[in-house]
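Same chain, two partners: chain A is paired with chain B first, then with chain C.
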Partner chain A sequence: MNPTVLLAVVLVCGIELSFARVITANLLVIIVGVVVLVYKHAGWRTYLRLLLVPLLPALGVWFSMAYFAVDHQLHYAWVLATRIYAYSFLGAIFTFSTTVSRTLASLEQNAHLPTTFVYGMLAALNFVPKIRSEVTTIKASAQMRGITLHFWSPQLMFKGILAALKWSESLAEAMTSHGFAENQPRTHYLVIQIPKWNYFAAILTLAIFQIFIFSAWP
Partner chain B sequence: MNKTRNNAWHLRDVILLTLVAILTGVLYFGVVFLYNALSVALTPLGLAPFGNDLILGLWTLAAPLAACLLQKIGSATIGEILASAVEAIMGGQWGISTLISGFIQGIGSELGFTFTAYKRYDMVSLSLSALTTTIVTFTWDLFQQGYAAYHLWMIIALFFTRLLSIWLFGALLVHAVVKLLERSHMLRAE
Partner chain C sequence: MSYIDVTDLTFSYVQGGQQILQDQQLRFDQGTFNVLTGPSGSGKSTFLRLLCGLFPQFTGHLLAGKILLDGQDVGQMSVTQRARKIALLFQVPSEQFAMPTPREELVFTLENLRTDPAEIPTRLERVLAFTGTTQFADRKFTTLSGGEQQRAALSVILALDADIILLDEPFANVDPQTRAFLLKRLAALVSEQGKTVIISDHDLTDYQFVADYLYVLDPAKKQIHLADPAERAQRFKAFDQQKHQAVAVDLPQKDGPVEFALHDFATGYQQNLLSQKQFQLFQGHLTVFTGPNGVGKSTLFNAIAKLQGYRGSLTWHEQEIAKLKAKHYNRKVALVFQNPVSQFMQVTVKEELELSLKNRLANGWTKDQVQAALVDLDLAGRQEQVVYQLSEGQKRKLQILLMLLLGVPTLLLDEPLTGLDLVSANKIMGYLQRAVKTEGKTVIMISHQLTNLAQYADYHIKLDHKELSYEATL
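What follows is the complex of A and B.
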């Protein structure tokens, strides 16, 4: 499915879930998520992660609701706990159906997001390992002078931003010198289109979802 | 700051904000463990939402920082959306739903600077931004996290916990960082 269409569907479902008080709608999302994961041959670690990571917040909200909600609404406690799982699976449906670069390419070509944003993000995302090592370096060099930088120290963030300022300047210059022009029309090697069936699938999915959201089911 | 500020977004700005978003992600990755430890301690007491609100300031910090770095209209919103996109890509806990909360937090923070007409980037507007962020995100969480169902005393306590956290990180810490940057003369004087 086209990433832009999928993103729109997932976002609409996510926003609706935030307001709905329907356990079955949450369960539907979770079941669809599992089906997608099985279809994509996800490894057992993925299932484990999706099971364990939301466990703590889900338990946390369940206990708070059970103890401190007006009238001790157990139904609402279950809604919120399953909602947290539904959110995680909603995220998994998206991440397992597409890749970051394909999504950004589709957002550029189909959703007409400005190229400055698309390629700026793509370029900066390659810097994740470099930023990790920079943070380690900053911390280590402070340690050598007998200073420990904690995560709340302004110095740590300041030095990191200095590096970011330097890199962003160089990277932008490098891209411009390689022929990147801001928000000019581009040609594409990989042309991403939205097949007609995507629209039908999106409308059908959202329609079925509405039945769950607005039904009188628990 | 002259009045004919350049409001266009350049490649350099987008890269800078994304890099800063990655930086905050790397810096505060460890806080997730702190959060989990706090949640474990608070869950049996039914007070887990306090753990969430106590560190929320760290997740909303990108917006005021972006506003101060670029001083453009919309930089807080776009900065926070970029930060949440980075968080989603780098494998945050919530995946795609961080985009929604990033948008809400960005709008909340943006309002603080709108109310000061994008003219001040000092403690006053940062504190105002912390207040608007708290109000907007709290209103959202009345539904999304179900805060509306709690007793009134708990709602009020949660609100002030969140305000304190967002003010500490989004105003006090950001102000300290921006002051250092100004002293280093590394920020572009437009």
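What follows is the complex of A and C.
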């Protein structure tokens, strides 16, 4: 599915979930999430992570609702606990269906997001490994001069920020000299389109979801 | 009217501060190969950035004058117009890419120029083939060597298809073979496609027969002038005499004290760059590493300095390096990074010197020695300057000085002569030699620049085809 359409569907579902008090809607999202993960051949670590990470907050709200709420709302406790899982799976559906660069490209071409924003994000993401190796280098370099830096050391922050500033400047120069101008029209080698069936699928998905949200189901 | 016209150009980084160029008049004709030379830090990079409009767009003040490209004022042109007309290849290879791989960077560039998507694949393949970049077009820039990155950068410049190609010390991190290859390609661009090339370089080797014009930046006058035939001949001759001729160096005595030993050693990010059954590096000598780009010289140094893992065994004085604590080990074995900025911890030159003086080891330098070295290296009077604002050459000299004065017993230097003119390079080598001869230090360095090196070096190690070997010449 086209990333922009998928993002829209996921966002709408997410907003609706936060207002609805329907356990079945939450379960539906979780089941769809599992189906998507199975279809995308996710590793067992993914399932484990999705199961364990939300566990603590889910247990937390369940207990506080079931035992400490004024009128011991057991139903609401289940709503909140499953909702946390539903959100996690909603996120997983999105991240497993697309990649960051594809999403950004789609947002640029389909949602017409400003190119400055899109390429700013893309460049920032490409920086992550660079930043990691820079931190190692800074630490080693400090060690050689007789200082031990920890991750909270202001000097490490200072050097890190300085390096980032320097990079952002040279990056801006490089992008400019490679012909990039803020929000000027560009062509696209990889054209990302929204096929018609995407709209149908999105509307169908949302329609089914509405049935769950507005039904009298628990 | 000529193709590029510079009139009354006066530029300064800070309003009311020191001027870099003063009342500069200059002209370049279309379809010519121009070389701009001058000592490091004199403002060659600044001039090139002015020509392509990056300055004053990004920093500095154009106090007077203007630059016309083909009759159009650079300052008035849009970014896309400028990119089609004039392209710049940067000095530091890793800082000129926004995308993760050469192919993606090329696509990004062509999209910016609003190239018809149907045309992109053919243009892409053409420029990749022209610069010999095809085989690593899909590798990440972070895994490419300096030389490979510069080839990729040249591909991008060619994709821009600009009439004027500026290159700012493009061969600083490039081995002689790649340098000769790229120069030939540039010369072909001038003669076959009528491009105008302006290349700044302090090393004039190999330019004599390709350069149509030689320009010299005189820092005292703050002006660039066209070298007349006599000056041109004299400048090229000076380099010709220094043209590298291999000189005999000693082979190590196998019973000398060993500093580092390798056993069944292998290292490399994706595949093994280096795999070595057995090798020894000796203590108390100045050893020079050479070898083509991307064969793993820096990777080996990083492994020795504990910045990167390895397989097999790598020992320092018979202790396995992987098992040593970085905190103690890196005080005894320190790396002088390829990028000088990586070495800096403070803000001003003075603070950097104070930090090194404070933490120097027992046999470090005295304050007087440091002062004398500052004067000798032309760094005196810059105490209050921010280290990041020094020129590349000045950064390099300061970086090496900071590490030398610490008194570290074993210094690894990754391309310490990059960006230095010959005079400075000789001075630096003099300091390194003294550290070995009189202070008993061990110095191991990587260098592409081989001029005069044999008179300082004790041993020469060549790294090629994944193996190290001692050579009898340098």
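Rule of thumb we're sticking to: the second predicted complex is superposed on the first by the 186 of 218 C-alpha atoms of A that agree within 3 Å, B and C clash if a C-alpha of one lies under 4 Å from a C-alpha of the other, contacts with A are read in each partner's own complex, and residues count from 1 in each chain.
To be clear about the criterion, a residue touches a chain if its C-beta (ideal position, glycine included) is under 8 Å from a C-beta of that chain, and two chains touch if they have at least 3 such contacts.
All figures in this text were calculated on a predicted structure; none of them were measured in a lab.
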Original post:
Taking the superposition as given, does A:Tyr76 touch the first partner, chain B, the second, chain C, both, or neither?
Top reply: first
**OP:** Please indicate which partner A:Ala8 is in contact with in the superposed arrangement: first for chain B, second for chain C, both, or neither.
**Re:** neither
Original post:
Touching A:Ile192, do we find chain B (first), chain C (second), both, or neither?
Top reply: neither
Subject >> First (chain B), second (chain C), both or neither touched by A:Ala111 >> reply: neither
**OP:** Figure out whether A:Met175 sits in contact with chain B (first) or chain C (second), or with both, or with neither.
**Re:** both
Original post:
Thinking of the overlay built on chain A, is A:Tyr119 touched by chain B (first), by chain C (second), by both, or by neither?
Top reply: both
**OP:** Scan A:Gly91 for contacts with chain B and chain C and give back first, second, both or neither.
**Re:** first
**OP:** Mind working out whether A:Leu162 is in touch with chain B, chain C, both or neither, as first, second, both or neither?
**Re:** both
Original post:
When both complexes are superposed, which of chain B and chain C contacts more residues belonging to chain A?
Top reply: B
Original post:
chain A residues touched by both chain B and chain C?
Top reply: 119, 123, 155, 162, 167, 169, 171-172, 175-176, 180
Subject >> Parts of chain B lying in touch with chain A, wherever the complex brings them together >> reply: 9-16, 18-20, 22-24, 26-28, 30-31, 36, 39-40, 42-49, 51-52, 69, 82, 85-86, 88-90, 93-97, 99-100, 140, 143-146, 149-151, 154, 169, 173, 176-177, 179-181, 184, 186
**OP:** Going by the contact rule at the top, pick out the chain A residues touching chain C in the complex.
**Re:** 119, 122-123, 126, 129-130, 133, 136-138, 140-148, 155, 159, 162-163, 166-167, 169-181, 184-191
Original post:
So in the complex, which bits of chain A are touching chain B?
Top reply: 7, 10-11, 14-15, 18-19, 53-54, 56-57, 59-61, 63-70, 73, 76, 79-80, 87-88, 90-92, 94-95, 100, 114, 116-117, 119-121, 123-125, 127-128, 131-132, 135, 151-152, 154-158, 160-162, 164-165, 167-169, 171-172, 175-176, 180, 182
Subject >> Sites on chain C touched by chain A in the complex >> reply: 49, 52, 54, 57-58, 78-80, 83-84, 87-88, 90, 92, 95-100, 105, 107-117, 120, 142, 156, 160, 305-307, 326-327, 330-331, 334-335, 337, 341-345, 355-356, 358-359, 388, 402-403, 406, 408
